[in-house]
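Okay, so chain A shows up in both of these, paired with chain B first and chain C after.
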Partner chain A sequence: METGTRVDNVINFTINIMKTLDEFVELFAELFDTVDPEEIHADTVFHDIDEWSSLIGLSVIAMVDDEFDVALKGDDVMNSVTVEDLYNRVVEKL
Partner chain B sequence: MNDSYNPFSLQGKTILVTGASSGIGRAAAVECSRMGARVVITARNSQRLEETLSRMEGDGHRMCICDLSDTASIEEMVAGLPELDGLVNNAGFTQIRPLKFIDEEIFKQLLQVDTIAPIILLRQLVKKKKLLSGGSVVFTGSLAGVARVSPGNSMYAGCKGAISAFVRGAAVELADKGIRVNAVCPAMVDTGILDSGTVSQEQLEQDRLRYPLKRYGRPEDVAWAMIYLLSDASSWVTGTNMILDGGVLLK
Partner chain C sequence: MSSLTTKNVRIAGVAACVPKTIEENIDLPFYDSKEEIVKIIESTGIKRHRIVEDGTTASDLSVKAVERMVSDLGWEIGSVDLLLYVCTSRDYYQPMTSPIIQDRLGMRQDSFVMDLPLGCAGWVYGMSVATSLMCQGTLKRGLLVCAETNTQSHSLKDRTSRPLFGDAATVTALEFDEGYDTPMNYVFGVDGSGAGAIMAEYGGFRNPVTPESLVEREIEPGVIRKGNDIVVNGMDVFSFAIRRPPRSLKELIEKFGIDTEKTDYLFLHQANRYIDDRIRKSLKFPEEKTPFCLDDFGNVSGASIPLTMVTRAADGLRGDDKHCLACGFGVGLSWASMEFTAGHLVVSELVEY
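For the complex of A and B:
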């Protein structure tokens, strides 16, 4: 039992911190309504996306809070250029 | 000119201020003391409450630690309070979340602190006959509750809108007792309520410039409106939601 619990914890922990860049890009793409998710990649300059807005910026922060339990700041979003930059900021704060 | 003539004075009045450890509550406590009131200040954090107390003028003030999210804690505090001429029902907080990310637990916490606790506090004061006839209750509402809501602030708007509606109901019921109930509804005030940084400084700077008066409110701007509503100068005013917005609704 004890071993099982420990293994479960390790697995949960791993899932928690190891969400991959690809998974992050997918979660990020879900925030948009009019953009084909296939068009959003790790190297997409997200501020240039037509649908990008301050409200979607707030959605990024809320999504990261829910999925990673990380409190991103408005400045983190503003100062990131690509989706991968954002992911790296999240990973730094884990 | 008669130097002692001041219908806005709070001399001789005892006033309870909640959320007095920072922001609008701290300014209300300090300014009420400067207008002659004896003030009872409350919040959860004793260190910051003491800081408020140290800024207050005059004698007879006291502080009272209370977790307003806990009804038992409210009842206990009310039992120990003196009779009051005024209540500044102010404690509150917000969390920025776009509608798609409204979280039930966060929403419940906001409702508890921003809506339920101030209503329960008023109920308890009325029930225990702690509010004197001629007394005045001022809620801290928000412009978000009655007019302009910034994106991501809809949970807070809902909580504060409930307060603005409640104020009118309470005003009707308490008028016979000679107790007035009003709210102030400020637009953005520099209080640290957005210190978590969800909204960036740059965004705040841009937003600030949308105000015709070119600045956000200061806590004292709100405190002075509260003083009017607490004083005998507003004896004929009840059930109102007073907007303080630097002119932003004009745009």
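For the complex of A and C:
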């Protein structure tokens, strides 16, 4: 009984802090200076964006640290293809 | 959590020597446009750094720094009981470098001398070892030398590292002072799963040097390295550096009940401005209490913190006691934070060689 309550609490807590894919895409799009946020979607191949650079890669890592308290590695950023892939890597590490 | 407290040892002085040659990042040849290098300078905060000439080593700079330090302190070199040499840019594979420095300085043959091959966390680790040995009271005068010639261990044809790293040697002079009961407090951390984040793959016994490993290879445009050059995985290091150091400082503050309101200086390893600003902001530390010297000297590994003291906090440290926090972090991956008090220090003018 007691254990069940604790699990429920954990689940509720996780739902509360969990950002949706849409919110993640929005946060991701904000990292670019010259790209219209409307042009970035969950299925965008982000390495192909003109403004993409290793510096933006660093700001992705910083954003994920701020918003999710998750440590992304270089490989997570380099091996993800779409913004959704990146989101899934973050969720795996939560 | 591994922590440590030492007493009865105080910092007597600090000195530094840098190569006289200045390399301006804006003039580096690698970049497609001025815009690109301007952006790198803005995000890292590093405008220039010092670079040794061929044939000069970290120990050469170190000897100059120590000679200036002991002269300004009015110490006879024969009165020095201990010397720790925190450096990975060693003169030879064998022997360690500190005996060579002992001989060049004319230190006594019955003194305590050894190398500690740490990188960016080196000053804090070095202080913990030096003060632990000296607080017993038999080793009365000590020199903690922290030096690195990064331009020799990184490829000069690597656009990802050349703007960031510089060369410098520093010395922190320590003195046993019975009754000086202001403690130095430390916390430590290590994560060897990140060993590959900053690594020279060839040249040790895991991957001995072979003729092939010494061939320059183009990894990508603007990045040419040999197998024994240090490779920095920028994203992995960044991910580490924005998370571990703030947590380490918070551990220190909590463990030792530190009131950061009364802290005068936060000395951070000079990694890059973006990382250091994040660490500072996460502790809600004001900018004016967090001195930076990376704009002029870049990342000089374990020499970063004492070089910051010499070039950016000299007047403050020459005055009354200052309450200080420090955090070193980097290759290993290894990190450490420290609380100490420093005042009435002899701070030498920057030596150029």
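We take it that the second predicted complex is superposed on the first by the 78 of 94 C-alpha atoms of A that agree within 3 Å, B and C clash if a C-alpha of one lies under 4 Å from a C-alpha of the other, contacts with A are read in each partner's own complex, and residues count from 1 in each chain.
Everything that follows uses one rule, which is that contacts are C-beta pairs under 8 Å (C-beta built on N, C-alpha and C of every residue); 3 or more make two chains touch, one makes a residue touch a chain.
Keep in mind the model is a prediction, meaning the values are calculated, not measured.
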Problem set entry | Joint occupancy of chain A by chain B and chain C, clash or fit | clash
Exercise. Thinking of the overlay built on chain A, is A:V25 touched by chain B (first), by chain C (second), by both, or by neither?
Worked result: neither
Problem set entry | Touching partner for A:L86 - first (chain B), second (chain C), both, neither | neither
For this session: With the two complexes superposed on chain A, say which partner A:I49 touches: chain B (first), chain C (second), both, or neither.
Result: neither
Exercise. Taking the superposition as given, does A:G74 touch the first partner, chain B, the second, chain C, both, or neither?
Worked result: both
Exercise. With the two structures laid over each other on chain A, which partner does A:A62 touch: chain B (first), chain C (second), both, or neither?
Worked result: both
For this session: Identify the overlap between the chain B-contacting and the chain C-contacting residues of chain A.
Result: 54-55, 58, 61-62, 71, 73-74, 77-78
Seminar exercise, completed: The residues of chain A that touch chain C in their complex are 54-55, 57-58, 61-62, 65, 71-74, 77-78
For this session: Using the touch rule from the top, collect the residues of chain C that touch chain A in their complex.
Result: 39-40, 43, 160, 233-236, 238-240, 242-243, 274, 278
For this session: Flag every residue of chain A that touches chain B in the complex, lowest number first.
Result: 54-55, 58-59, 61-63, 66, 71, 73-75, 77-78
For this session: Could you pull out which chain B residues touch chain A in their complex?
Result: 96-98, 100-101, 103, 151-152, 196-203
